[in-house]
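The two complexes that follow have subunit A in common; it is paired with subunit B in the first and with subunit C in the second.
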Partner chain A sequence: MDTLKLYFRSMGMLLKSQLQYPASFCMQTFAQLVMEAGEFMAVILVVDRFDRLNQWMAGDLFFFFGIMSVTFYLTEIFGRGITGAFPGMVRSGQLDTLLLRPRGVLTQVLCSAIDPRRISCIAVGTAALVIGSRMAGVRWTAPKALALGEAILLGMLLVLGLFMIEAVFCIYSVKSVELVNAITYGGRSACQYPIDIYPRSLRVLFTVIAPFAMTMHVPAAYILDKPLYGWPAWTAFVCPLAGAAVFAVMYAVFRRAMRHYRSTGS
Partner chain B sequence: MAFIETHGLTKTFTVRKKREKGRLLREKTEIRALDALSFSVEKGELVGYIGPNGAGKSTTVKLLSGILTPDGGSALVDGRVPWQERRRHAAHIGVVFGQRSQLWWDVPILDSFSLLRDIYRVPEAAYKRRLDALTSALQLEPFLRTPLRLLSLGQRMRAELCGSLLHGPELLFLDEPTIGLDAVSKLALRDFLKRENAQNGTTVLLTTHDMEDIAALCSRVMVLGHGQKLFDGALNNLLARYDTSREVNVRYDGEIRLPDLPQGCAVAREGADYRISYAPAQVPTAHLLSLLQAAGPIRELTAQPQSIDRLIAAMYREMDL
Partner chain C sequence: MNAYLSVFRMRRKMELQYRGAVIGGVICQMFFGLILVSLYRALYAGKPQTTPIEAVVGYVWLQQAFFRMLLASDAELLDKIRTGGIAYDLCRPLNLYGYYYARIMAQKLMGSLLRAAPMLGFACLLPRGMALPPPVSLPAFLVFLVCLALGLLCVCALENITMAFTMRTLDSRGVQAMLNLLMMTFSGNILPLTLFPDSWQKVITALPYAQLLDAPIRIYTGQYALAEAPRVLLVQGIWTLALAGSGVLLWRHNQKRLTVQGG
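And then the complex of A and B:
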């Protein structure tokens, strides 16, 4: 409870300091809007050209796009410390100052950055979700709403966990390893579309290693009444736990790595 | 049992060199930042910690504050092993890195302080009391509502100090706190540290390159070089060992010819001024003066002790640092 309070107070303060530069904030938020709207436009063009991908119709594809967009950018807003700021914190030695305080490192890393500009991306994602579910004629029920909430929440843990791979590399090498972007940003781009349109190797990558398919596609397909691979309904509630598992594993690895942290300069 | 006690503390860093042409792998070199360092500090002591760049001072501070884990040796601070109980330890210490800020850049420093209160879980009443005492001692009231980025270097350092003392630590590590400060700020900072040490019994380990900091504050000084402790004792004792020569500046009326001076005297001429350095142990001052007086009418004569910086430089040279 105490930790959550600290987190929200930190977020409040960071938000206040970002708003010290309102013009810059507005411009960057607008730039994000253009970027994410462009992404959505790409999906619309695909739908326009092909009409459908496998069994997925336009509304289904918009829904898949929306769930990924909302999940990914919520993580970027609230987990900015891990998804963006961490390499810089290692390089500049700011991580040292966090270690000097009587709190967990991950807590403090998460407390030390926020990226509110992504709010416009989430607006686009939410619009895609609403349009998609309307077009697909989704009849919302309590279990479906629960599945959506769970998918987004555990999806956030998954994204956070994947970004922690990069963080762990940083702790060892002080440099940021862009290679990891292949499964973070790459995963986001690829898994805007349902997993079953991809060849086997990519399906394995995004089901087992970076289980976007498990956390988002299985519940999304359930909500759309077109179960993925014909799996039963309960899988929509169990499969997303893969996201939490990735986070748990990476949290353990992160803690181990911190013991090898070697700091920089004086 | 002493407040801080270390035995054979050792820390090695592997540094990868840039890959040379024609080699497939990069060469690695091991740097011993700390080599079996042992010392102890009593509660309430104010200890100066000096040594050239790269001697291992910051590494010591990082080990004792729990940021780093050593490769060998042991350390106990008030009965705690810093790197094993980092969080519990952190609640009892304060650290100021002169070149690194721990406050938030874009928000008023008062907001930073209240967030630190939450981080350290300081009870509201204790926080209020402490904040009042610190802001008045450090004269921070006028800029409590100013964002950190708008403060001058001296004001910022005072704010940092306040931030690191809010939770009432028993042990304070200061890593070059006076770096880049003007004379007034330096003096104010030293006064404050002296008072904090005397009133609250805060133990202070002060790392610095500014020898005047040490002279003004520390009764005890430790010298570190190549990761080893080279000296531990009173500053005066340290200086006495290297304070062996004196300098005299003489200006005469008109042109004169300086007589041959005894062995061990060095003469440098700058315009009409002669600068003569000598070792009083070998050449008695009375003897030198009589020789100088015999040479002609003296207009001006000044004698001065060596600056501490020079002595330290001589010491580093002799210790081959």
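And then the complex of A and C:
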């Protein structure tokens, strides 16, 4: 509980400091908005030309896009320490200072950065969710709302966990390993469309290794009343736990890796 | 001319230094290509289009292979503008436009060749349907190479204009993001231009962004017939000249009223 309080206080302070330059902040937030709107436009153009993707209609596709967008960018706002700042902290030796303080390293890393510009991306994602659920005629019930909340929350843990792979590589090699982007950003690009359209190998990758399909697609399909692979409703609440599992595993790996951490000395 | 050539050579050598980063980048790019190809194949399975799927697959692979050409390449120059280091460049007995043109071209050419070779090799080895299809004909392939070279000249001119704007505004991150989005969208990187609505085609293929990669790729895949090639090349040539011309003017204007930051 104490840790959470600390985290939110840090976030508040960082947010204030970022808002010190309002013009620059607005400009960059706008730039983010334009970029994410461009991504959404691509989906709209695809729907315009192809009408549908197997059993998924326009509204369904927007909904999938929205859930991915909201989850991914929420993680980038609140997990900026891992998703963006970490390689720099290792390279510059800033991480050393964190080792001296009486708190967990991961907590402090997460407390050290925020990226509020992404708020505009989330606006686009939310718009996509709303438009999508309207077009698909979703009738909202308590379990469905719960499924959506769970999917987003555990999806955030999943994305954070995947970015921690890069962090772990970084602890060993100092250099940031862009190859890992294939799984994080590649996963985002691939899984903004439902998983069942992909060939087997990609399906396995995004179901078992980087389980975007488990955390987001199973609940999303349940909300849209088109259960993925015809799985029963309870799976929509159990499958997302895969996201938490990835995070737990990566947390353990991260702690092990930290024991091998050697400062760059600068 | 010799000076510009040696600038080009120096940058080319520099670009060859970071091979590790290239390998990582290429694998990443291949993965993105695979995802996109699978996506378009799934879309085509539902509703085939007048543009054959082979052309779209070829489009994706060529876009991924030459992706580096589109990417803004000279981060160093942006720093120079912000820190005032550009003053050193102003002291060189060179035309600044030519100097930066040579640098940008070296980066884009070497960067994309280095990545394109393994990418295209990999794309040819994939199973049928996923693989890069061969060009429609040998003459088409030769025209494609010419067209691609023109596209390179065009993108360098375009980037030099962006640089000129940066010199005016200092913090250009907002503007740059906008220009970047225009580039990625209308050069066909986010979604092949051939899949944009038919009613937009006339306009988007006439934009300068379509001259960079879209025009060469359409010749490769046969979307543009060989008979159309002279027209395509002419449009490319006109844009290149227009962009380079306005770039030269902008740089000349900038140099007259340049305020150097800091010391």
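By definition in this document, the second predicted complex is superposed on the first by the 265 of 266 C-alpha atoms of A that agree within 3 Å, B and C clash if a C-alpha of one lies under 4 Å from a C-alpha of the other, contacts with A are read in each partner's own complex, and residues count from 1 in each chain.
Just so it is clear, a residue touches a chain if its C-beta (ideal position, glycine included) is under 8 Å from a C-beta of that chain, and two chains touch if they have at least 3 such contacts.
What you see is a predicted model, and the numbers here were worked out from it, not measured in a lab.
K.L.:
Tell me the contact category for A:Arg262 with respect to subunit B and subunit C: first, second, both or neither.
P.N.:
first
K.L.:
Kindly classify A:Asp2 by the partners it touches after superposition: subunit B alone (first), subunit C alone (second), both, or neither?
P.N.:
Only subunit B is touched by A:Asp2; subunit C is not.
K.L.:
Between subunit B and subunit C, whom does A:Gln20 touch in the aligned arrangement: first, second, both, or neither?
P.N.:
First partner only, subunit B.
K.L.:
May I ask you to decide whether A:Thr126 touches subunit B, subunit C, both, or neither, giving the answer as first, second, both or neither?
P.N.:
So A:Thr126 meets neither subunit B nor subunit C here.
K.L.:
If you stack the two complexes on chain A, which partner ends up touching A:Thr97: first (subunit B), second (subunit C), both, or neither?
P.N.:
In the superposition, A:Thr97 touches subunit B alone.
K.L.:
Should A:Leu53 be classified as contacting the first partner (subunit B), the second (subunit C), both, or neither?
P.N.:
Touch partner of A:Leu53: subunit C, not subunit B.
K.L.:
Could you figure out whether subunit B or subunit C reaches more residues of subunit A?
P.N.:
C
K.L.:
A:Glu39 contacts which: subunit B (first), subunit C (second), both, neither?
P.N.:
The answer is second: A:Glu39 touches subunit C but not subunit B.
K.L.:
In the complex formed with subunit A, which residues of subunit B make contact?
P.N.:
Within the complex, subunit B touches subunit A at residues 13, 53, 57-58, 62, 65-69, 86-88, 90-91, 93, 95, 97, 99-102, 104-107, 111, 115, 118-121, 147, 175-176.
K.L.:
Under the touch definition given earlier, write down the residues of subunit C that touch subunit A in their complex.
P.N.:
Touching subunit A from subunit C are residues 20-21, 24-25, 27-28, 31-32, 34-35, 38-39, 42-43, 45-47, 49, 171, 173-174, 176-178, 180-181, 184-185, 190-191, 195-197.
K.L.:
Could you pull out which subunit A residues touch subunit B in their complex?
P.N.:
Its residues touching subunit B are 2, 5-6, 9-10, 13-14, 16-18, 20, 93-94, 96-97, 99-104, 108, 259, 261-263, 265-266.
K.L.:
Tell me, which parts of subunit A touch subunit C in their complex?
P.N.:
For subunit A paired with subunit C, touching residues are 24, 27-28, 30-32, 34-35, 38-39, 41-42, 45-46, 48-54, 175, 177-179, 181-182, 186, 189-190, 193, 197-199, 202.
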